[in-house]
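Sharing a structure here in structure tokens format.
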Amino acid sequence: MSSQPLLEFRALTFERDDWPLFSDLCGALKAGEILQITGANGCGKTTLLHILATIQAPTAGSLHWQGRDISRCRQEYLTAMAFVGHQSGLKLSLTPRENLHWLSQLQPLSRVSSGAALARIGLAGFEDVPCYTLSAGQLRRAALAILCMSEAKLWLLDEPLTALDVEGIADLEALLLGHVAEGGGVVLSSHQPLAIPALRTLALDAMTEVAY
Amino acid sequence: MTSLGGAFFAVIQRDLSIAMRHRGDLLNPLFFFLIVVTLVPLGISPEPTRLAAMAPGMIWISALLATLLALDNLFQADFADGSLVQLMLSPEPLWLLVLAKIIAHWLVTGLPVVLFSPLLGMILSLPGAGFLPLLLGLALGTAVFSLLGAVGAALTVALHKGSVLLSLLVMPLYVPVLIFGTSAVQRAVDGMNYGGVMAILAAVAAFSLLLAPFAAAGALKVGING
Amino acid sequence: MWQWFHKLGSPRWFYHLSSKFLPWLALASVVLIVTGVVWGLAFAPQDARQGNSFRIIYIHVPASFLALAGYYVMAAAGAVGMIWKIKLADMVMVAAAPLGAALTFIALFTGAIWGKPTWGTYWIWDARITSMLVLLFLYIGIIALSRSFSTRETSARACAILALVGTVNIPIIYKSVDWWYTLHQPATIKLTGAPSMHPDMFKPLLVMILGFYCFYALVLLLNTRTEILQRERRTTWVKELAAGK
Amino acid sequence: MFQFDSFDAFLAMAGHGPYVWAAYGVSLTIMAWLALSPLRRQRALLGELRRRLQTQRPRGES
């Protein structure tokens, strides 16, 4: 296995209305690692994940995918990255199966069938009911089913534990460990502790106090 | 594996099936269209000659307002539930997916308005010669409304009070279409040749088709950071 | 080459450079506009048909010129800011929007006042005035959009896209309105007969147009400088500037 | 060449005075405001910055 990090970010700075949310943030994620971003509400966890997912552009700094600047290989990066955000990304009027089918047309999601993915995440029997009948926890599980199907090496997860019960959290942890065992990488934000050995953390708190 | 055409048609298909599950919402712009046109004789005069003189303009203006009404839903619902982000993280070219969304949106909002317009022409005593150019013109015109409107909808997608702002942004851009569209009908009613005007309208539509998806894709990348 | 380009885009450098020619620009615009106003009001011969109301032309025409040119300046700045990610261009765009809107309003207002003695009514759906009104709406859209974003950068990007779409549309809008006007053939005289103007009438107009160009550049510079200070207020050079004063 | 017989005639503009003067007056007022308002905003901004710096300095340097 090469020592080249999967994802590296250098000197990331993000300013909102000329007010730095964080500045000069550096870090790297190697294959087989899980990086947890921690910090109080409003310290920029979601923004950082959005920047890593190339949804938002940083004010300054750069991202590198396997050593190459992401602005030069964004297409390749997008096929190698899966993002599950704060919102589920599911249409409430469609069923989980329909939602996953739609997503699989847009993104490389063909490791397992949508039915198998939903069964693995604990939604067997709910494949064909409209999503608006699901509970918040079930919706979150359905969103995480994307990860079971994904061929992506890198997972970016924004608060994946929200609304999950104990069993759901255990399922997710198993999923994450399975992914890194296969040489993948995960960046996730959460303020809850995770039962995962060798978890690396990045605390954003220190950045909130910036003098005028 | 994903494929270009697959992603394009998947987006259209999904948006259409969502629309079919909210059939009530689908009819709203149509009823709006009908009600606005009904207000014209009530507000002005029921006299057929006066109505006929106003018919092309009134039908066009109400069609414009009806499509405008449905416009802020183009991206906003997808933004709220996060599926817009998933769409934008697809390795497929974003402009193509945006075009698919615009086409689906036109099929559920623009097309019904077009198909409904002859009925309104009848209500407003539009002379017989005006019906064909009305249909043709509205078909092209509502397509331009959806295409240009998509840029505005993308820019305002993350804003709280986006819908009023959206109207403010796109309505001035609709001026040429309104002018050419109504005058095509007027010319036909007056017994003149309207082919030239229709050609201009088609050119505007083709031009919008060429540029608007790129502009809307760029606008989305900016707009989701509202 | 890129270094040079980015130096040009450095707000600090621009701020200091612009302080040098700001007084000259101010002087030029005041002298030209005062000369033009006095010449136009008192010394230019009156129009044979329209009488003295024709003197409004010396405000109306330059304002209309710059209202339209201003939209292109704004769109060009927005495009530069978007393509090369130059902050300064974004600031110029933000500075240009209210200025252009104000000039458009002046053009409309003077046009309406001129209409009263000429046509007996303040408002007439003349092609030129209608296009100007649509232009005002386009400006208002940009200003409204720029005020509704929470970050300045996003706001500038969004406005740039809208301005570019507007720029592509403006020629079509102008042509369509022109065509619409000929279609409805109102029996009125044309507002201006610029080509057939007497040289004595034309010279002050030229002075005024020059003066308005200088004035536009002046206010654009002033607005941009304010925007620079606003955005860079946390940098050391702005703090030094504030402390040194 | 001055086009009017007297100053009163200049003001009256043969009946068009109100229109001409209103157009010039309003336009020039708007233009003056356009030029002055950035200057005023700039002064306010620098003033506030200075005030902030003065209140911060004792803490920052001690």
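As written, the chain order gives the labels A, B, C and D, with residue 1 at the start of each chain.
The criterion applied here is as follows: contacts are C-beta pairs under 8 Å (C-beta built on N, C-alpha and C of every residue); 3 or more make two chains touch, one makes a residue touch a chain.
What you are looking at is a predicted structure, and each value in this text was computed from that prediction instead of being measured.
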| item | value |
| --- | --- |
| Minimum number of chain-to-chain contact steps, chain B to chain D | 2 |
| Pair of chains ranked first by number of touching C-beta pairs | C-D |
| Centroid spacing, where centroids are CA-atom means, of chain A and chain D in whole angstrom | 54 |
| Whole-Å separation of chain centres (CA-atom averages), chain B against chain C | 32 |
| Where chain A and chain B are represented by their mean Cα positions, the distance between them in whole Å | 36 |
| Rounded Å distance, chain C centre to chain D centre (Cα mean) | 17 |
| Where chain B touches two or more other chains at once, by residue number | 225 |
| Sequence positions of chain C contacting 2 or more other chains | 150-151, 233 |
| Residues of chain B defined as touching chain C within the complex | 148, 151-152, 155-156, 159, 161-162, 165, 168-169, 171-173, 175-176, 179-180, 183, 204, 211, 215, 218-219, 222-223, 225-226 |
| Interface residues, chain A side, partner chain C - complex | 15-18, 59, 212 |
| Residue ranges of chain A touching chain B (in the complex, touch as defined) | 53-56, 75, 78-79, 81, 83, 85-94, 98, 101-108, 110 |
| Footprint of chain A on chain B - complex, ascending | 1-2, 6-7, 10-11, 14, 17-18, 21-22, 80-83, 85-92, 97, 224-225 |
| Residues of chain C defined as touching chain A within the complex | 150-153, 231-234 |
